[in-house]
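This is the structure, below, for whatever I ask next.
As written, the chain order gives the labels A, B and C, with residue 1 at the start of each chain.
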């Protein structure tokens, strides 16, 4: 009898804990919707479709992604940046700005100490991290474009937020012009679209939903990995060989050290048209994977590689 | 006879107070260590020592707001969360080693960590923390751990009895299965893979006063209740039948201890990811230092676990500043060699 | 306080196999019960059913109260259990371990009281381990360890003490030490003691009453005299045993012996063995094992060779102790000799009382029956006939008796 009472007592305590826990969850849920950030400012919708109240004239901006950094600098807000992530290496000026840490786990202390009034982050920072930043009353605006048009939109948004609408519009115009130069020629239905294999890491290709995939089509090529399972997919060697791409383009950067010789020496690849005709090219990783203005540089390079007859290198 | 025991109890009291003071000093010292100083790489500016003192005693107005936010809202909750998690994992490790009479047991041995990982994966993959709230991942991790332990218990039960060996094996089997599920989710996850991987390695970056409050209430409750079962655990290590012959209702005792141990472990894992080694090694270290009697082993392990994790976290967040290393890596790197050293030393002592 | 343990219709099955079947028994305060039986007869299971670690069918009543309704804690206050071995991997001290025996008496939220320490001290005094109080358990010897476990059981202040083969891994001095201790506890503290024994003689020595289990049922119960009989032992253990009385304590003493073959259908030659004083027993056994028929005589009925011959079911001529061999006995002996193919004389002490046996050997030689004399020790050492034996042997030798050095050689002679 006494034992039973002991157990019911413990069960009651356990129930109480669970109730406390539930209460906290409800509280957090409610506070989630509370307006964080400044009272003054205006509301802009970010790429996660959240309505964020941003300051009217941000003076201390932190960028948590190299793509965001490039956009910020491109619209002329470079002087307002007080912190960038470890990988932001373009433009040159960004290299000298205080490093905050990797986009995966930016250092909270350094960020708070920099007293930012606006933080631009990408989808490479976990959502939990972002919510924990917002808990500390920091304003976080997400730039996570899914396509080239999205990048253009983001440039416009940043221009609006940072009061650099004129610069932003100019930039957008010149970018769109350059895109048109290429798109007008590659739009044609009669144009032959060579098969392209674009890899960013040995046997890993850009699939549907990635910039690389979009760029290939815009540059007048056919991505052999267009039907892959996801934006970044491992592709079987036999699939690549049987698709017989006419061009092989691989990215180079600080983390990948593939060479043309490596590609040529892959087993069975000597049968591939691109290998036989020596149409193997390298492209710098940063410009093709970062959601920033240099994506158009990547487009131009790809266009030259895929349709040298339309876009001769001068 | 009585004086022998009195001497022993006095010694235990000293040990407990000593550890408590060590914990206190650890707190004080580590609050001054961080990426932005006073002790640390400082990047770019550094908080002066005076500021820390002033903020702690309430004169924060002398210094910029950001200093106060850093010390009181970022660092202090994080240190407290580390203490609570370390305490929870160590106590849970003691309990698991006692119930299963297995020195290799740790808090995650019955599949808790794998269950929590699956819960967290689901939350991270579906991006629930944006839609539901910041606690979606901890909550789902906790639920995952809880469901796993219930599942393991029910599967291991046969004819109303749950033998420790069956429970252990079932837990390992189910744990492996859930780990495979998690690996699969990680593979499918693509972009979110990184977040999941990062969460799994263990990190205290989510600490805030809210999380500390929840963790504190749940973990303190669990640890105190477990302490009341110290005598039962002493008997349990003699064997299941000898314990029964001493009047212990092993079935209900195992159930209660598993529930509360899972509660504290689940809470720790929910907020900090999977931090290994603390739960495995702390009980062994303390057993060598204070003996196997759970009446001192439990509180000593609790305090030591807290101290160890605070220091591990401090190293994790400053050694490569501003980048943060997941704390699980630090505990593994430091814990394993130290344990080997301690083992060698105790072996030599015995000879 | 008077205690009565009543067990009625106790049955226990493990999955589909029945381990205990309808066991009923009663033990009173101050009584010690020994439980015996072959492997797998359910002895340990019986103990575990009594202590309620297992849940059997049937009732276990302690002073009328059924153990089924009681909590493990309540039962632990009354029943203490000492297992066969204790494997304690952790470095608890002896005093800590004995203190654990107080667990059933202590509340969860209270610490130990002075009373608890006193009981622990008393338990350690009774088991004589006070000097070991701060040593760690794994440093102790087997006997010391077992005493610690008993002390722990005693700290529970039990009215019933259950011991499962308590001396199985101990050397002989430890065995006696432990069993004497338990016996004293039983008598002085009036505890009910139920012990499982593997050694029949220890059981007989240290138990007031015995039960013999076979395949889960009580085969025999009662005082040792009643339970330890050759027939019971033959039925249960399938061995032959002689039951004697312990020379000092007078309880039954079991002496098993290896069953010697004695197939009456054998057609081997017959050997007549003249022996005495124990020298004949190995000879009889060896001959029987080799397929020979054996007869024997004349032997003093108190002689161990006589008893052996009876046990081997060998035709033997017996004589009243401390008397000369009578004419009838002698004649019967010679009749047996005439029917034999060989005669073997072992080296037994010869006195005026059994000198006629040697003379009978002469008769054998007259009838052309080979006589083999085993001389493994000098003649004068067993000659109690005032130096006549050597003469007799000389005569036998002249008549053709063969002298060999040992039993094996004698056998060789027969088998040629």
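Criterion: contacts are C-beta pairs under 8 Å (C-beta built on N, C-alpha and C of every residue); 3 or more make two chains touch, one makes a residue touch a chain.
Only a predicted model underlies this, so the values are computations on that prediction, with no experimental measurement involved.
Averaging Cα atoms per chain gives one point for each, and the point farthest from that of chain A is the centre of C. Overall, the chain located most centrally, as judged by its C-alpha mean against the mean of all protein C-alpha atoms, is B. Note: centroid distance chain A to chain B, computed from Cα atoms, is 35 Å. Computed from the mean C-alpha positions, the centre of chain A lies at a distance of 88 Å from the centre of chain C. Centre-to-centre, using mean CA coordinates, chain B is 58 Å away from chain C.
Multi-chain contact residues of chain B (touching two or more other chains) are listed as 249.
For chain C, the set of residues touching two or more other chains reads 71, 73, 108. Annotation for chain A: residues 3 touch two or more other chains. Those residues of chain C that touch chain B in the shared complex are 48, 51, 53, 71-77, 79-81, 83, 86-92, 95-96, 99-101, 103-104, 106, 108-109, 112, 114, 117-118, 120-121, 124, 133-134, 156. If you check the complex, the residues on chain B that touch chain C are 1-2, 4-5, 101, 228-229, 231, 234-235, 237-239, 241-242, 244-249, 287, 291-293.
Of all residues in chain A, only 3, 7, 10, 13-14, 17, 20-21, 24-25, 27-29, 32, 48, 50, 86, 98-102, 104-110, 112-115, 123-124, 126-132, 135-136, 230-232 touch chain B in the complex they form. Contact residues of chain B toward chain A in the complex are 34-36, 43-45, 47, 64, 66-67, 69-70, 73-75, 124, 127, 129-130, 132-135, 137, 139, 142, 190-192, 194-195, 198-199, 203, 205-206, 208, 210, 213-214, 217-218, 221, 225, 249, 252, 256, 259, 263, 317, 321-324.
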